[in-house]
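Heads up, the next two complexes both have subunit A, just with different partners, subunit B and then subunit C.
After this line comes the complex of A and B, so read on.
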């Protein structure tokens, strides 16, 4: 018997939704307060890890939209980040450009590369598309390497900390809040995009391209749009990486980095924006967690080389475990936990 | 036996890797960022252990002038982001007075960037020497490692000219990373300058599994001999690919940590290594000290693989010997910028740093190869000194 039929003493669906929305808002406010206050009790090391997570989060959001939402496979994510980092590094080194020029230029460079490398997606799917995006990675890395070699920057391009409104962003606290704001802004932008006509079109073509086309979705345009927008965001995160770490080098953008980003969206949960962020947190923290675990257990902590190798192996093992036992990722676990702790009436409402 | 090794390791961990928690006024805290895991660990984990072992023995012997060393070791997996994080941790959390890098060139930029900002000296001991340590050297950056892309290339071309005919065609193989390419491009330039011919520089991207196509191209271009400067595995896979196609020319490769053991397995008399470290088959007092120390530590590592880290330990000892009461990073840097360190027979001569040369004023190279007659490794050419300009 539905709540509407029983009426008195039960909440109507409308009030339930209002309450749930209110709970969501409370949860978000709580999270924001926690994140804003976190630096007050964090060491510089913790702030550094948080900042790394925020940069990874921006990159993971881009890949989640492209792969998890629009269904376009990419192995060129690291190359796109490199494109952003090198655009920033080269403009800084050659023209002394400031952050207000380098960041937009990096986004534009990424978007243009995304447009070019999105073109194969109009004819290719699955593993074939993955291979064409892999070519993007190698091309960008090759060009970056050529620049480093030709300019004599064999160790990499060094950047000074960016200056924004006369304020130098170098301190860990400053970076924390800047990157927190940027990842929040990127999340908000992606969320709005997914709630728009564009987002619905991406979901439709992810589900079934032929059906989407039959429904009037211009598949080619929306595929290219997905590549352009997400490549711009990925490139943006690469530029932030360059500024945050104060250097650019091809050796920082390996193919393994692309794999790590794919791991983030798989572990986080395909198709979920919060999942991208959870995946970024998880993948960034795993090596530190394993290190901590090894140090905490004296016997295991005997040999530092073994400790470190274990950390490396743990990453691969976790990927396999998630793929086999939890394909919906951390988001799936979270939903199940919420379902477990929710009241029976709420559980009935849970889809 | 395992229990004894376990106990020894515990003692070693407690005395050397204790970290800043035990740091006192008479302790110098040194941060070590090393590729202890990941694809580069085969080359860098052992030198890191060598550094740790040398400094453990130094501490056990009472340190230098009452000063002991506390090492804080973090793994960077040869990854730039991890190295950046480690460097920040050293400076903001561990308050180190010196940083030592035993890792890939990918990690140099973040470490240099952070250390320069924090005004803490960096010693590359086991990592390839970055260009920033060469004259005119950048402040705070020093290198004691036995190999350097450009200088190794100079020595290799010089030795090649001694052995090959003056009209020989020389092929070059590099890995697609800037430092390896820089070495081989320089070698090609020197070969052409000597009126020899070049079969081209073949650059294999990182992660290449099969070097056949690169080797084929050099053979097709008529290479009589081949020079290679890259991570050891890349150099040797390249030589393997050449030999599998029946190529019988001389191959000259950089002498890295794995060289002695691998060459003894390969038994290839036409494969030469040029390097600045001794091989341990020589059985001198210096090599015996090292071999015995490794044995007594219970480590499973091969002594030759730890040599560059061991020399790094000798450098730290040399710096401490000259350090006064002030053990700040600034004071350590002042000592390092003008010092001569005796390498105790493990190299051809001392390591001497000056204000604008943080690599070494004179570098000594020796060539080794496998001898079929002796069925053992042999010195193909003894130490030759090169001035570093």
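After this line comes the complex of A and C, so read on.
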């Protein structure tokens, strides 16, 4: 939660900074212990939701770096995930490849497609860039559909559980810990990337491309780099999704999925990595919450279309509410709350 | 010859939908990605009026037109007005969110199954023989006529009337227009209303020709490349763009592969974005503004 840390650090006097930082560290350790111990009291249903959140979190981190940090809009996120899932599926089906081949191959495929996605960004900005990524999304989905059609697997590709060091990742507990480690690793990697020269270059070109160029940032290279890296990660999460579901089909990668990821970074809070994870939690839980709500209200016919369309509507409504009333998202709300609670203690600390 | 007729009909559909994108973009620089959903909402409004209020086709259609104007006006007043002056991206994402909301709400209200609107207002969609070998349906013929009239009306309105001039001025330079006493909110509201009205008209006519279900909103997405090929701020451009997209789609489906139908508009979109991002007739300097 580097952004929140620095946010508090700015607000509090220097004398209290060390104390507060250690509080934050305590909070971090507490969170990690909680996440590690959580499965002991969780049902398979809870584990499934948690695993979905982790996969979504990896994808959301990628989109946050691309859109929130580097300022490049993408409506093609689900196309990139499809690319990863299909690379894995095709390699497994055609060559029987194991996870050590499929996952790196998916990342590479994603990175290459990311390069293609990124090329229009050298010339296009804003809406036009969003449109080109949208068009590429449809292209990837079309190619996936063509493969399904041509290979006779018109319903999709089935995958067996992945085997790592002779250990089959099959049950919910194994998936939980593997995905937890992967999302933590992705978070750590993204954070380090943002604190590096690359991250600062992205923030510069986000703020003002011309100024960044004048300061010696090679805008074109860094833009493409942003697309390549984040597309690799997105594709990676798509491959994980395929393994987790044991199944690959174009049906899963709709435009709505892209919009869900955009919803995650908006609801989480643009430009904040913890925000991406918060958004992933929030957006993944919305359909379950809607279902729970509809069960609680009597006299509503509960079939799958009603629930899914209700969560569609809920998504739209939530996105509108956040865009209009809380553009800085959940992290913005969190910062305000922390600010309110921090101010009395600040008064105590100052001599 | 039948292929030519098909191209003309599809061109009319794409052009009628595309002019909604162009109107809103030309005037307020906002890309309305909920246009497809608003279009289908127009058709569902016809379902609602014909089932609940009036069974006479003409009355039902007139009421639907009125409702669609109300919808367009309220979309601006309740939602997009708040996004005026916000970053363009936030406004575009708001329209995306609106589209999702409408889509969910429409399934909740009217159900996921296909409805036959034509039967509801007892519209006879007979196929008409233009020549010995060329046949088009009545609704398709209406579509071509309506598109022609809408474009004629819009061009006359934009170039000959006082409000049309105000709309063009706001599109060229909002700040300057506001300083010369043009009420931007009224102009934007007018653009959204006209856009929703023409979109609803397209929705009604296309669903009269087949049936209605929510997934037909994808037509809105497919018509978007038409608007962009012509240039997002040019009405005649949208007409030509629609012609290009429709011709390519019909020909490729007929001669190459039917599966291409969903992807052709987007292939054209990528090509035009690479070669000439501002479109055939769009204003070039725009790119730096978005």
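In the analysis below, the second predicted complex is superposed on the first by the 314 of 351 C-alpha atoms of A that agree within 3 Å, B and C clash if a C-alpha of one lies under 4 Å from a C-alpha of the other, contacts with A are read in each partner's own complex, and residues count from 1 in each chain.
Here is the rule we go by: contacts are C-beta pairs under 8 Å (C-beta built on N, C-alpha and C of every residue); 3 or more make two chains touch, one makes a residue touch a chain.
Predicted model, so just to flag it, every value in this text is computed and none were measured.
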Contacts of A:185 with subunit B and subunit C, given as first, second, both or neither: neither
Subunit B versus subunit C as contact partner of A:138, first or second or both or neither: both
Which of subunit B and subunit C A:149 touches, first, second, both or neither: both
Touched partner set for A:127, first subunit B, second subunit C, both or neither: second
Partner chain(s) touched by A:317 [first = subunit B, second = subunit C, both, neither]: second
Partner chain(s) touched by A:339 [first = subunit B, second = subunit C, both, neither]: neither
On subunit A, the residue positions that both subunit B and subunit C contact, one per complex: 138, 142, 145, 149, 255, 305, 309, 311-312
Subunit A-touching residues of subunit C, taken from the complex the two chains share: 31, 79, 82-83, 86, 88-90, 92-94, 96-105, 107-108, 111-112, 221, 224-225, 228, 259-260, 262-263, 266-267, 269-270, 273-274, 277, 287-288, 290
Residue numbers on subunit A that touch subunit C, as the complex places them: 73, 120, 123-128, 130-132, 134-136, 138-139, 142, 145-146, 149, 255-256, 259, 262-263, 266, 305-306, 309-317, 319-320, 323-324, 327
Touching residues on subunit B, where the partner in the complex is subunit A: 6, 9-10, 13, 17, 36-38, 41, 45, 48-49, 73, 75, 77, 79-82, 84-85, 88-89, 92-93, 104-106, 108-110, 112-114, 117, 130-132, 176-179, 181-182, 185, 205-207
Complex interface listing, subunit A residues touching subunit B: 43-45, 48-49, 52, 138, 142, 145, 148-149, 152-158, 170, 172, 241, 245-252, 254-255, 287, 291, 298, 301-305, 307-309, 311-312
